[in-house]
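Chain naming follows the written order as A, B and C, and within any one chain the residues start at number 1.
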């Protein structure tokens, strides 16, 4: 009995010590630039096959971080670890840490909370077979928001935030699948914004779009930077150069180089990065 | 020589198709010609009379009861089971076992279902020969049909819907209810309609579990006869082919209606997915 | 501050969601397991009832299978005549039904014009759904008198009548499934063969049909399943005599028929023997399915 009490009090003391430590760390980090996502030594396995090797990245708040690299290099896989979409696949194993706002994504079991905080836009527009309004209101409704006025407001703000409001405001009740591909993708972005996330992940969001729609989406991403932390996977190096602040170059499941976008595209320190960005392979 | 062989085979192909069509046309034609005279409002909606000249309303009611009860039980169970297999289960031994069981159930002849129903529902659970015992037996018969068609329907729902919904911080349950099931609905519906066909056409299992009482059922625990059993009994007991054929017309019309609605629904499904 | 209190509330709401998630997945699992439970119950009850006479009451299983007398009132339970009748009826139906059904399917898929196929195929599909009792009614009204007159029989209800009714009954199933399988064969196969100067008929039988083999096997298995388990239609045309059939015109009583005819009044050992008949029927189907699965697996390799 008494030993149990002792142990408990000891562990309490330990916890206190830890919180003190964490707080001091927090203060140190605040003095630097605010870091939103910290990835440390992340390994990912599909069954026996390893797809990510010791990935470590520091993604800062309200910046656009681009992930580039040839197909199959693990950039999409990495992106999907940030909102735990890889959980949907059987047999995926992960080691290492991902901290978002100093919360360990894989130790905290509240996936719902994580995914409301970290939104995602996919490669192909994947609107549901419902009206435009219902698509955008879908997430908030699932969070239990029923008030019509509130929903109307969220839908309007989100569509405005995704720069598509003017194009669809007169047909909110018609099927979302009747829109063009570029419009659909912007509604997908609006659907993600409607959750009021901090972070938005984009998995090659323009790869299925024509050049004009692509330009619109890129413009939108640049504007969204002031409100959201954006991580974008792209095949298109010009796109990465145009819209991102930081760029990570992935090759065979590793991060070869991670630096300011300008540096990556002008004076990369790794030969492989230079070969890739100058188009020698990939 | 080779040409001769070709001619012979071609001839056999024609002969086969003519034979098949002829026989099948003959069956339907015979039943309509033989039974048409009896078909009347009175016949369909009139009460049964053992002395002849009565209607088949009690059998229609019994058939409807068996359809409703077995579907009310089998549909939710079948859909949830399919959801488990398609959306929740990880591939492994358990899933293999469940699939094996479902497939095996499909292959069991209805007379064995009848035996089982007679000993389990009628005797062991003391339901007696009754509509409820027959309906529960039918539930097991159509369960695999509903599971399989629902699974097929779920497979047609694009994976991107699931990802899109889950990425918005919804639970699997919300995703299923709001996105997946509505998209799979036409396929599920046509599965349910197919099951109706199976129930309407069933005879041996019902014969052993519902009995043969030819009266409007007083309760679900009454013994009663369905249309198929009626058709069988009037042929077997009194050799009244005309009456059996008239019941046959009603059955064929029901099956025709079921087939047409299933086709319409699957057409709608194709349109929806092509969009 | 307000953000923090908010997140606590969401946490609570999420807890409920996770709970629901867990509960629902369990409920789904239970539903899925119901088919396993049903199968176990069916096998359990039928086998328990059917094995009782042999395990407890001291009846000989060998006598049951090979005995030729079935006289429940005298405690004689031999089902040899029924086994023979079932086997003959099934084989006979296959011999007639499979070639006709298969050739019809080939015709519809390969030779018939689109318009013709579009009329015939749905009609045959519809016939697959017609209650089997009606086939029996037709058999009794048309086939039985026809046999009676043609062969000068005292009674037209016979093994041959059963075979014909079953063959007709399995036709729509075989045609529908086999046609789908044949249509699924890629056009490149046909073109490849025709380009080599092989005739259309040659191409069909040498290339297309072998390519659709597994689907055709499925068609046969399904047709067979329908024939072997059929009960009520068979009762109407079988005659139901308890003799080992020696000719096509003998009156017969297949296994299924025996169960349906006597279940209504059987009690005690008699009833248990009907369950034993069910076991034999069950094993019969399992063996046939197994054999056919083996054959089609071999063909697949």
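What we mean here is this: a contact is a pair of C-beta atoms (placed from the backbone, for glycine too) under 8 Å apart; a residue touches a chain by one contact, two chains touch by 3 or more.
Since this is a predicted model, take the numbers as computed values, not measurements.
Peer 1: Which contact partners do chain A and chain C have in common?
Peer 2: Intersection of chain A and chain C contact lists gives B.
Peer 1: If you tally contacting C-beta pairs, which comes out ahead, A-B or B-C? Let me know.
Peer 2: By the number of C-beta pairs in contact, the winner is B-C.
Peer 1: What is the chain whose Cα centre is as far as it gets from that of chain B?
Peer 2: A
Peer 1: If you average the Cα atoms of each chain, whose average lands nearest the overall Cα average?
Peer 2: B
Peer 1: Quick one: chain A and chain C, Cα centre-to-centre, how many Å?
Peer 2: Here chain A and chain C have centroids separated by 55 Å.
Peer 1: Based only on mean CA positions, could you tell me how far chain B sits from chain C in angstrom?
Peer 2: Distance between chain centres: 15 Å.
Peer 1: In angstrom, rounded to a whole number, how far apart do the mean CA points of chain A and chain B lie?
Peer 2: Averaging C-alpha atoms per chain gives centres 49 Å apart.
Peer 1: Could you say which residues in chain C touch two or more other chains, in rising order?
Peer 2: If we look for residues of chain C contacting two or more partner chains, we find 17-18.
Peer 1: Quick check: what residues of chain A touch more than one other chain, meaning two or more?
Peer 2: If we look for residues of chain A contacting two or more partner chains, we find 112-113, 116, 143.
Peer 1: For chain B, write out the residues touching at least two other chains, lowest number first.
Peer 2: 171, 174
Peer 1: With touch defined as at the start, can you tell me which chain B residues reach chain A in the complex?
Peer 2: 90-91, 158, 160-171, 174, 178-179, 182-183, 272, 275
Peer 1: Please output the residues of chain A touching chain C within their complex, sorted ascending.
Peer 2: 109-110, 112-113, 116, 143-144
Peer 1: Please name which positions on chain A make contact with chain B in the complex.
Peer 2: Interface residues on chain A, with respect to chain B: 83, 85, 88, 90, 111-117, 119-120, 122, 124, 126-129, 138-139, 142-143, 177, 188, 191-192, 195.
Peer 1: Once bound in the complex, which stretches of chain B touch chain C?
Peer 2: 2-3, 5-6, 9-10, 12-17, 19-21, 23-24, 26-28, 30-31, 34, 76-78, 80-81, 83-85, 88-89, 97-98, 101-102, 104-105, 107-116, 118-120, 124, 140, 143-144, 147, 171-174, 197, 200-204, 207-208, 227-229, 231-232, 235-236, 239, 241, 244-245, 248, 251-252, 255-256, 258-259, 263
Peer 1: Touching chain B in the complex: which residues of chain C?
Peer 2: 17-18, 20-21, 24-25, 27-29, 31-36, 38-42, 45-46, 49, 99-104, 106-108, 111-112, 120, 122-127, 129-138, 140-142, 168, 171-172, 175, 199, 201-202, 205, 225, 228-232, 235-236, 256, 259-260, 263-264, 274-275, 278, 281-282, 285, 289
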